[in-house]
Structure formats: structure tokens, C-alpha cells
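After this come two complexes, each holding chain A, first together with chain B and then together with chain C.
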Partner chain A sequence: MMPFEIAEPRSLREAIGLLGRDDPSVRPIAGGTALMLMMKAGVFRPTRLVSLRSIEPAFARTTLGAEGELRIGALASLSSLEHSQAVLNGAPVIAKALRTLSNVRVRNVATVGGHLAHADPHMDLPPVLIALGARVSVLGPSCDRLIPVENLFAGYYETVLARDELIAELIVPPQGGRRAAYLKCTTRSADDWPALGVAVALDTDGTAVHEARIVISAATHKPTRPVAAEAILRDGISDAVLRRAGAAAAEEAGVISDTHGSAAYKRQLVRVYVERAVRAALAIPTGKQRRA
Partner chain B sequence: MVPTAAQQTIRFTLNGKPVEARILPHHNLVEMLQDFGLFGARESCGQGLCGCCTVLVNGNAVSGCLYLAAFIDGADVVTVEHLASAGTLSPVQEAFLETGAFQCGFCTPGFVLMVHQLLDRNPEPTEEDIRHYLSGNLCRCASYREIIQAVRSAAEKRKSCATG
Partner chain C sequence: MKTTTKETSQVGRSIPRLEAREKVTGRAEYIHNMRLPGMLYGKIFRSTLAHGRIRSIDVSAAAAVAGVHRVITAEDVKTVIPDPYYGPVFHDQPILAMDKVRHVGEPVAVVLASDPHVAEQAAQLIAADYEELPAVFDEVAATGSPVIVHEVLRPAGMFPDFKDLAGRKNTNLHLDFKLRRGDVETAFAAADHVFEHTFHTRQIMHTPLEPIVSLAESTDSSVTLYTASQMPSVVRMEIARLLAWPENRVRVRTAFLGGGFGAKTYIKVEALVTVCSLLTHLPVKISLTMEEQFYTITKHANTLRLKSGVTKDGRITSRLCEVWWNGGAYADIGPRLTQKSGFTAAGPYDIENVHIDSYAVYTNLPPAAGLRGFGIPTLTWAYESHTDLIARALNIDPLEFRRRNLLREGRPQATGTIMKDAAIDAVLERLAERMDWHAPFDRGSGVIRRGRGIAIGFKASISNTTSVAIVNACGDGSCSVYCNTVDMGQGSDTALAQIAAEALNIPAETIKVIHADTDVTPYDMGTLGSRSTFHMGQAVKLAAEDARDKLLALAAELGLPPETTPIAQIFRKKFGMQAGNVVGIGTFNPKSTQPDHATGLAENITPFWMIGGTGAEVEVDTETGHVRVTRLVNIADVGTPINPGIVDSQLSGAAMMQFGCTMSEGMEFDAGQVTNASLADYKIPGIRDMPDQIINEVVEARQDTGPYGAKGVGETGTFGVSPAITNAIHDAVGVRLTRLPVTPEAVYRALRAANNDALEEE
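And then the complex of A and B:
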């Protein structure tokens, strides 16, 4: 890797001051697992990294409010969330998705804030968090703002954040009786980056569906909601509705070809996985599934 | 312009002893350990996928190839060399030897450290638990069957150490 400097601010505000708005070679680093790959590949050549590892420990804390709202500090490691009782109680689908996110060592080091800010479309939590209606609180030099995770991603490895804005906290609203699931398909080996990720969250009453969110990731430039497929699910759950929703999602998701598979192949994956994800969320078994 | 990186001094605990190191900010943990003559953690894939560079930092397994040396300042670092520092092999190391859970041995230090972590957290893992926990460690000689047997055997050994 090319030489660079590391700054070690003691507070998030100080870190924001050190980032500046204009120099793309100055970037924040938290766990660094993703940034290290980019630096080793020479894709990113920083002059200076602003380490977030010595900022206030409160930004690594996870709490579950009395109403069921989950607040997760941006510096919380992915493994701390995987084993957090607050996460298991507030949004168990997050803990479940983390089990197959990369491997133990990466989860021990990578942070949730870095996971989101990196904006790699193959990451597992963005679709899950969008399905759950999560928001991030973002601090900047002049103003702070709340951004729905759904609006955080501008494109392939791009967020709407300015260079001197930092994610401080992730807020997952109370989930009540909402049913959620995340499924991914890896095409080369089980621990590969996904060719497709599908998250669903459903507010249901029997077979009636009041609210349905479907999020497609990895096969697209950024996590995408197929809204026509969501609308179809509100017709109520049946085999025919699930088939129509899968077909609609495949049609509208805008999947792209890459090393994980052709667009045609991934459209077929979307068709199949949207149906499977809804069945998994509602624990409806299929003949092919050993367990829902 | 290429910035000139300044050396910095970091202090940490390495295999139980307080140490000091002069490092460059862009060096990773594996490179730094080599300056201490420790070659058990080795960079193989360089992407955190294979587990050959496993090191324990503050009690947690990390990929040394994706970890900046600068981040070790103040930490407690344990490498595979520490496991037999008292002159006897750990139950996990013994189990790997007895089971023949390797061929070339390049991946073995990483597997051994990960199995220590697994058994510390889950003393009686199922085969599913073992496969899941070790899914981020690759053995290109494909000794996986023997490695899983070694984990089972190590779990038994540790149990009898604890009760006996």
C-alpha cells in the first residue's frame, strides 16, 4: 500500500473537523476491513486517514428502548450486533443476517457505520435495514440530519453523504409484530459475496397484508425496492400472488450482469428468491424447503 | 505527490509481554509481527477470506492482513506462537497432530487459533457449529474432514482437562 498519515481524533466532532469537504484523499476509517481491500488494490490512495477508533465509546453502544426502538452506535462491531440481546429482541432478522455476513474475523472488526458508508451494493445489512424502515443520524460541520437508509445510497459505492459528514447512529423503529426475512444467493461458494440479496418485511393479519416492503440488493447498482411487487403482495398471500410478486420484482428491479452472473440469470434468481423470502418471513413451508 | 509517512511508536502486549514497535501507518499487523520474528500469521489471500493471517486482538480473532498495525497501540495481541510457549502443546494443537488435520500446514496456525476461539465460546460445538465458525478458513489441501475431527477431539480433551 502507498504511505499515508493517520489522525486519531478523540471525538466525533473533532473527526468531522479533520475530514474537510474538498480533499478526496482524506477519508474516515473505522474497522477498515473494506477500506484495506481498496487500498491494497490501489483503488483508493489516501494521503490521510481519520481514524474513528478513539472517539467517544457511546458511539459503539446498542440499546433497545421501552417502545422497541433499537439505537445502534455507528462504531458497534458487526459481531457485537450478532450477539446483542437488544438486537435479538428488537430485530432478530438483523442478527440472523449477520451470521452469514463475511466471516467471524471480519465481523469482529467491521463496524455498522462503515458497512453502511462503504455503499458496496453486495453488503447484507442495507436491504435488511431498508425493509425495517431504519434511519441513520448523520453529523456534519454545520447541521445534523436524519436520513432513511433507503435514501442513503446514491449508486454503486456512493452515498448521499458529504465528505465531512459521518454516520453517528443507526435507528431501527419498533417492529411490533412485523415479520421479516433476508435471503441471499451466492453463486461461487457459500461464503462468497452474494449474487442477490432479498429482504422482506410484512405487516400481516392472517393472509391479509397491510404493508409490504421488498428490497433487492447485490444484483442491482444499489438496494432497490420493487414497488409493483410490493403492491401485489397487498392483495393477500396465496401461491398465485407470490408467483406474480416474484415475476413483477424480476421485471422492475433493474438487475445488472457481473462476475456473479448474467442479468438474465439474476432475474430468474429474483423471481425465485422474492417468493422464498416472503415464505420465510411468514414461515410458510414449500416442498423444496426443509425448514421455513 | 506521495506523502512521506512518519514512523510512529506503538506500545502493546505481545504474547503476554509488554513491547514497543516502530511502525509506518500503512503497515499491517502481519508485516509488523514479522519484525518480531513471528511468522505463524502469514498473509495468503490478502483479503480476509482464507484465515491464514489470524491473530487474536483483545481476545477476538482478526485478519492480520486487513488490520493496520497502528490500530494495535494499547492492545493485547496473541499469536499462534503463544499457545505452546509453556513448552507443551495446547489440546487443540495436540488434536490437530493426532488427527493429521493438515497436509502442507500453511493454513494450520489460522485454523488452530480459530478453533481456540470457537471452543472458548462454545465448548461443545455441533458439526454445523464447527463448519459455520470455520467457514472463513480455507485449507487448499482440503483436510476439512480431519480438521472437523480434530475440533471434536480437542473439545473432548479440553473437557477432560477441565473435569480432571
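And then the complex of A and C:
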């Protein structure tokens, strides 16, 4: 690792000013769990890192609104979310997914903003957040914008963010009676990056399905919603429907071969895990039913 | 001699490790942490080609980087060592690549700088120009390939049994061990059934968490090496040989090792740091990264073919074993492994006709050598899979089938050596008991199916090796053990202290074990092959007894009651004050016979046998191929344990390592390049992968020739793990995995194939 400059701005606006639009060797750093590995491997050689550690503490806060809207500051550590009562009340699937996300040392320093901006398709939270319909607020030098997490990822390790834009906050809408589950499947060791992540969020009434969102990650270039499978689920819950939904998801998800397994094998995993994830969501007791 | 504590037996006690406090408080010494004033860091520039002739190496850009002290290539090495080839069996490995590169990752040049980051940066500016040569990677294909990795073989002479290989030319087959007992072909013809199976394993990395590291400082007439080595005496001999210096001008020191497992044997980067230090007159340290270890030393990939003739009532009458060991580009200790483990390839069975061919083969892959078991876990996987398949085909219970064929005490092993102090039957019977083998077993009926399997393996200890130990009693009665056994986590300091303490009749906790420093500590072959408890244990016992006898004689000479006078009082009476030493010395060199070249037979092939049996219960997810090992039972013959607590952790540690080799570990290559050379992609098991339950037990046994009845244990837990698991998978879902590792995808594909519905490739 060669010497580089490290800036420690006191505000998010100041940080944005230090980033610049054109120089790929200038990058923001929050928890550093991903960036440091890239630097050690020589994949990334910075000239300047803009540390976000000293910016306004408000950007690390997590709150649950009266309507059930969850607002999570981008600098909130993953372990703070894991143990947050607001998260447990507003979107318990997030807290649950975090328990098997990497390890406690990583969760203690990694931030939710970094987790999203890194755009590694093997990350656990993006599929969960997409299933929940979450958005991020993004600040830039000229304009600020709200982007659904579903539209944040442009490809493998790529987001739609400009170099001088920073995620400020994550907004998870009220979940009402939705039930959500996330299952991940590893193929090389239990603590490996997932070979497949499947998140589902369901709004059901008996066997009737009002809304179903399924998100496939890790086996694909970026988190992907198999919309045909979602449509099948709206036919109502039955063993046959679950099987058809799994098969449809495997067909449409755009599964790729990599070191975790061949595409053919991972399509089988999608088939199985979509079914299992839907069953896991349906196994959650319906606490707050939106409809009577 | 009187002791300050009441008499208790020092061996057979589970005393906590003597170094435990030092380690958990971060005070234990490791070479990895060592720095010397003025020290340079070396960063290796490595080959990107699997096989090529070196046209030129351009180091000018690297040398021009500010902060770079010097860049070294083979040309510089030759000014210090004119014939810079090393290796324990063949002098085939150059300190830096000369003329050719033979595998991706081979060291080609070294950048030296006082800042390791500068050295790393500069190393990336070196450019080598190669004439690319065709490469060979497969161990079977390499035996008949026109692609030759080494044109001529040059035996090292360290092991006398390889002399006849001198000058052998134009072959990648650098050792072919043969064992011929009876006549297998006639027996096959006469057999009621003949079974044949082929198995494959992949290359594995040792993964010591402290990577390979060496530091050299020198004068014109001496060199001191601080090195994380399992073999300080051998490092000294090899460096002295290369420099053509007497041994006493080379000093080798070690410390605790952060794991070794066979990766830190013979020499690795020791010659390179020595040359760099002699060229610069400064201390030079090279610390490999975890990634570099994948290109430095590995465990063999194998192809194994087994064929057995069996009678209709389940007696194995003949077995043919053909084993190809993919040795990579440099032989290292691979040929010894090919021979020393090769002669057990038919398994712990009483078989009249045995035919073994064990081939050490050069390829253009990173070099391979022993990894916790010296080839035995691989052989056991093959013969215990094969044995299980035969039992199933004959519809005989796998336990009963093994009982019918087991090699029992007093019977000749395949080499002709009569089995002694080898509790094979006791291990098998205890394994059956701990597995509740005859109790009903629920195999499940839904998506999750359950199964169980057993396996048993054996290993001959390394033969014709020597250990020397010194025990020194000080004027105040405190005692130290001087020996070159290296504590790399296996607990040897504690076990050796217990052995010395038993002979001296003082508490083990009061004994200091002096770590290897070849200026001070005497010769030992090395800390490997589970030999230290037995070999060094005996040397320490002899040394302690020698010191004790001298003290008793001294007491008697001084008119003191020998059995009751404290050691300190003996010295005080002798010298009139607290002064003096009594030094005991012990040398242990158990004799054995080398296998006959033509037949592989030998009267006394090994000083002792290690026996390990494992049982596994598994759950298989038939929709995904995931295998969960719910119970792993390891039963071992370790003789009489010196420290039962450490024996237990050695058995489970070994089993966990082999569990990784079974389930997830395996190096993957693309044109000789390792595509998963990092712990992010090469997966050793984590705690959540571990079997739900691991049970270890030793059978009641005694090694008559061992110290207080003990023998080695470091590798025994590895033997049966892989076949126990693949046998259990077969039991659960009816498919046989013949390749390791057993990934979920491999299991799922096998399930689909068995269902005549093979999963498409992509």
C-alpha cells in the first residue's frame, strides 16, 4: 500500500465537496470493510480517501415514525441495526438477516450506506430492502434525489451514483401487514458469501395473495425481481403455485456461473429457495393484519 | 532426589499447556513478529506462466523506485551459491528461477527495501520475457507426456534409498514405488467377484494462519536464520550444504509456529533470505502472504485406482492399487511420501495378494508435499470408499465386512512386517460401539435423508530418524529440556516437559523447554509425521534419566541419601554454594528396514503404527445437495497418552482439518494459475460448518517401545474422516462421490445422475 491523503470532513456537504466527479482514485470511506480489502489486494490504489467518520452524528441515527416508516442514517453500523428496537419493530426481517451477515467484527464497523454503495451482488441487505420497497436519499453537489433501492444498482459492483454523490439515508416504508423473509444459501462454507439470496415480502389474506415481491441476489449480476414468479404467487398459495413460482424465478432471474457454482445448479437453488422463502414468510405469525 | 511436591505421576495428566498464558496474553514469540535493526523486507516477483524458458528479466524500473535497496535475480544468487538447487529428495528447485519457470507463482526475482510497501510496489514493475512452453497439469497424463518438467533427475543423497534414480532422463515420473506380494492376477481370475473403482482428489493448501516466514542476518563467515520451520536441524544442514560451509557456521532459531501441518518442512524461503542477506550485508526478512502460500507448498492432487478380488463370503483375496501423486513442479518430499505412504495403499486388511504402484509425477503446478497425514488421509479415502462399495455390493454389513478382513496383531502387513502394538481391531470395535452400529437408525423419508458410515486407516511412522535431547539441571534444582522439537500448536512443549518430569520426579510445570536454536539445541530430524512424542519423547526420557542417574551418583559420592536429597542441596554440597550443572543427554534412533526395491517388502518397516477410525452421521438435503455432518466419532490408538487433554484436541483438530479437505477445500486452476488463491474463495471450514457433535476417544493400548507407552497422535484424527462421510452419504441417498471435495453441487449432480436426469453443465 502506498501513501495517500485522508480527509476527515465534519459534514456530509463538505465530504461531497472533497470527492469530485472525475477522479476514480478518490473515494469515500466509512467502515472500510470492503475498501480495505480492495486496497490490500492492490485492486484499488487511492490518492485520497474521504473518511465519513466525523460527519454529523445525525447520519448514524435510526428512527421509527408513527406510521411505521423506518429511517436509517447511512452511517449506522450494521450491528446497530441488528440490535435496534426500531428495526425490530419496523422491519424485523432486516435484523434477522443481519445475524448471519458476515461476522460480528465486520458488522461492528460496516455501515449500511457503504453496504449499499459497494454494490457487491453478494450483499445480504439489498434484496431484503428491495423486497420491502425501501429507498435511499442521495445528496450531491447540485441536487439531492430519492432512489428506490431497486433502481440503485446498475450492474456488477456498479451503482447509478455519481462519484460525488453520497447516500445519506435509507427509508423503509411502513410494512403494514406484510410478512417478509430472507434466506441465503452458501455452497463453500457456512460463513461464505451467499451463492444465492432470496428475499420475499408478502401481503396475504388466507391463501389469497394481494402483493408479492421476490428478489434474487448473489446468483445474478445485481439483485433482480422475477416478476413472472411474483405474478404466479398472486394466483394464491398452494404447493403447486409455489413450485411454479420457483421454476419461473429460476427461468427468468438471469443466473450466472461463478466460483459458488454453475448456473444450472444455482437455478435449482433458486427453484428450491424461492419456495422455501415464501414458506418461511408465511410461517411468520400475522401480527398486524392490514385488512380485517 | 527429593522433590518439593508430593509424588504424583507426571505423565497421563491433562495439565494445561505450559505456554497457554503467554499465548492468550499475546506475549508468545513468533518469527512473524520479529524485526531486526536495519532489516530489509523482500518481496518476491513470481512467474505468471506455468512453463516457459526465461529470455530476459528486466528489473531496471523496480531498481529505480525510491527506497528500493536492491533487486536480486538468479544471476546474483549464483555469485553466492554456484549450484543453487535444493530439495530433500532431488536437487531440483532453484532458489530463484534459472533458465526455466516450471509453475505459475515460481519465484523469479526479489525486491529488497526497508519499507515492505515499497518492495511490493517495485516488484510489480519487474518484467520477465518468456518463451512459452507447453505445460502438463494432470498427474496421469504427465506420466506419458512429451512435455518434460525436469530434463534430468539429480537425487539429493539425503535418503540413501533414492540413489538409483540418479541421471534418469526425460520423464516426469520421478519415483515409482512397487509392492508385490503374491500374485494378484491369478487371484483375480479365481475370485468370485472383482471390483474396480477410481477416485480423485484436488490440491489442498496447508493454511497455517502464520504464513511461511524467514529472516536471515549474516557476517561473511556466519549466518543466523530466524525461521518458522518445523525442521531447524534440516534447515541448518541444507543451508550449510548450499553455502559449502560447516554446519556450525549456520545458526537456526525458531519460536512458536502459528501452525505448520507440513508446510514448514525442509527449506522454503530460508535459502533465499540467506542469499539476500549475504549479498546486502543486512538482515533480510521475507514474509509470505496467505495468497503466496498457494504457490509455495500444497498437498497432492491424486488419481487412485483400486481393484479387489473377493470371495462370495466376503474375504478379500487380492487388491491392486495404482496411485498417481501430482507432485507439481518440484519434488520436495513427495517421493518419500509416495513410497512411505504408498505401501499402506491396500488398507489395514489381511490380504494375501497385493500389488501396489505408487507414482510421484512432476507437473507444471505448485509443488506438493505432506499435509497432516503424509498422504494417508487420501489413501484411506480411496481404500475405505472401495471397501465400503464392495461390502454394499455383496450385501454385507460394512462393519462385518471389515471384521472379516481386518489386519490383526501378529499378522503380516502387505510389506511382510508383522503387526505389533497396533490396536486395529480394538479401534474398529470401539467405533462400532460409539456409533451404536447395531441400533436402529432413522434414515428419514422427506427432503432430508440421513445416513451413517465408518472408516478405518493406519499409518506407519517415519522410519530411520533420529532425535537428540539434553536435560540440564541448574544449581537451584530447576531443569530445562533442550531440543529441536518445534511447538506449532500441538502441545509438544507440555508433553515433553511431562516426560522429563516423570523421569526426574519433579512437577512438569517447573520445567522449561528451550526452543530450537541450533547453536544450543541438539539434532532432531524434524517435527513432522507425528514423530515427536515417540522419538523426541524417548530422547528426552533418556536424557532425563541420564541426568537423574548422574545426580543420584553425585549424591551418593557426597555421602548424601540419594533418594531424598533435593537437587539444590546436592549442588551446594558439591560446590559449597549454588553452582554447577548436571547435563543428561539422550539419543533415540529406532531401527527399521527399508523396503526391497523390487518387491517393496521389508521385515520391519516402521517403529510404530498409528490407527485411526472415524464414524459419521450425515443429513443430506436432496433438493440442494447440502450435507450436514451431525455426528463425527474419532477413535484412535495413540498408545498410552502422555496428556489426555491434548490428545483429545489433537484428534478433533486433525478431524476438523480433514473435514475441510472433504467438504470444501480444493485449489482450482486455470492454465496453472490458482483461481481461488485467497481465503475469500478457498474455504476452510468455519465453526458453523463443524459437525454438531465431535466425539474423540482413545482405546486402551500401549506402545512398548514408546516413552511410557505413548506414540504419536497429530495425524491420526485425519485418517477416516473423508471416507466415513462419503460412506454415510452413500448410506443416506445411494450415491457414491468419487471426487473430493464433496460440494453441495457435486452431491446434487450425483443425485440427478443417479435418477437418470443429469443436470446440464451450465
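As a working rule, the second predicted complex is superposed on the first by the 283 of 292 C-alpha atoms of A that agree within 3 Å, B and C clash if a C-alpha of one lies under 4 Å from a C-alpha of the other, contacts with A are read in each partner's own complex, and residues count from 1 in each chain.
Rule of thumb we're sticking to: contacts are C-beta pairs under 8 Å (C-beta built on N, C-alpha and C of every residue); 3 or more make two chains touch, one makes a residue touch a chain.
Just so you know, these numbers come straight off a predicted model, no measurement behind them.
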item: Touching partner for A:Arg188 - first (chain B), second (chain C), both, neither; value: second
item: Contacts of A:Val87 with chain B and chain C, given as first, second, both or neither; value: neither
item: Comparing the two partners chain B and chain C, which touches a greater set of residues in chain A; value: B
item: Touched partner set for A:Asn108, first chain B, second chain C, both or neither; value: first
item: Contacts of A:Ala253 with chain B and chain C, given as first, second, both or neither; value: neither
item: First, second, both or neither for A:Thr47, with chain B first and chain C second; value: first
item: Contacts of A:Thr33 with chain B and chain C, given as first, second, both or neither; value: first
item: Contacts of A:Ala119 with chain B and chain C, given as first, second, both or neither; value: neither
item: First, second, both or neither for A:Glu5, with chain B first and chain C second; value: first
item: Touching both chain B and chain C, residues of chain A; value: 1-2, 37, 190-191
item: Chain A-facing residues of chain C, complex; value: 117, 120-121, 124, 623-624, 664, 668, 675-676, 678, 680-681, 683-686, 688-689, 743-745, 748-749, 759-762
item: Of all residues in chain A, those that touch chain C in their complex; value: 1-2, 37, 41-42, 185, 187-193, 257, 259, 261-265, 268-269, 272
item: Touching residues (chain side chain B, partner chain A) in the complex; value: 2-6, 24-26, 28, 46-49, 51, 54, 60-63, 65-68, 70-71, 114, 117, 132-133, 135-137
item: Interface residues, chain A side, partner chain B - complex; value: 1-6, 29, 32-33, 36-37, 39-40, 47-49, 51, 53, 79, 99, 102-106, 108-109, 190-191
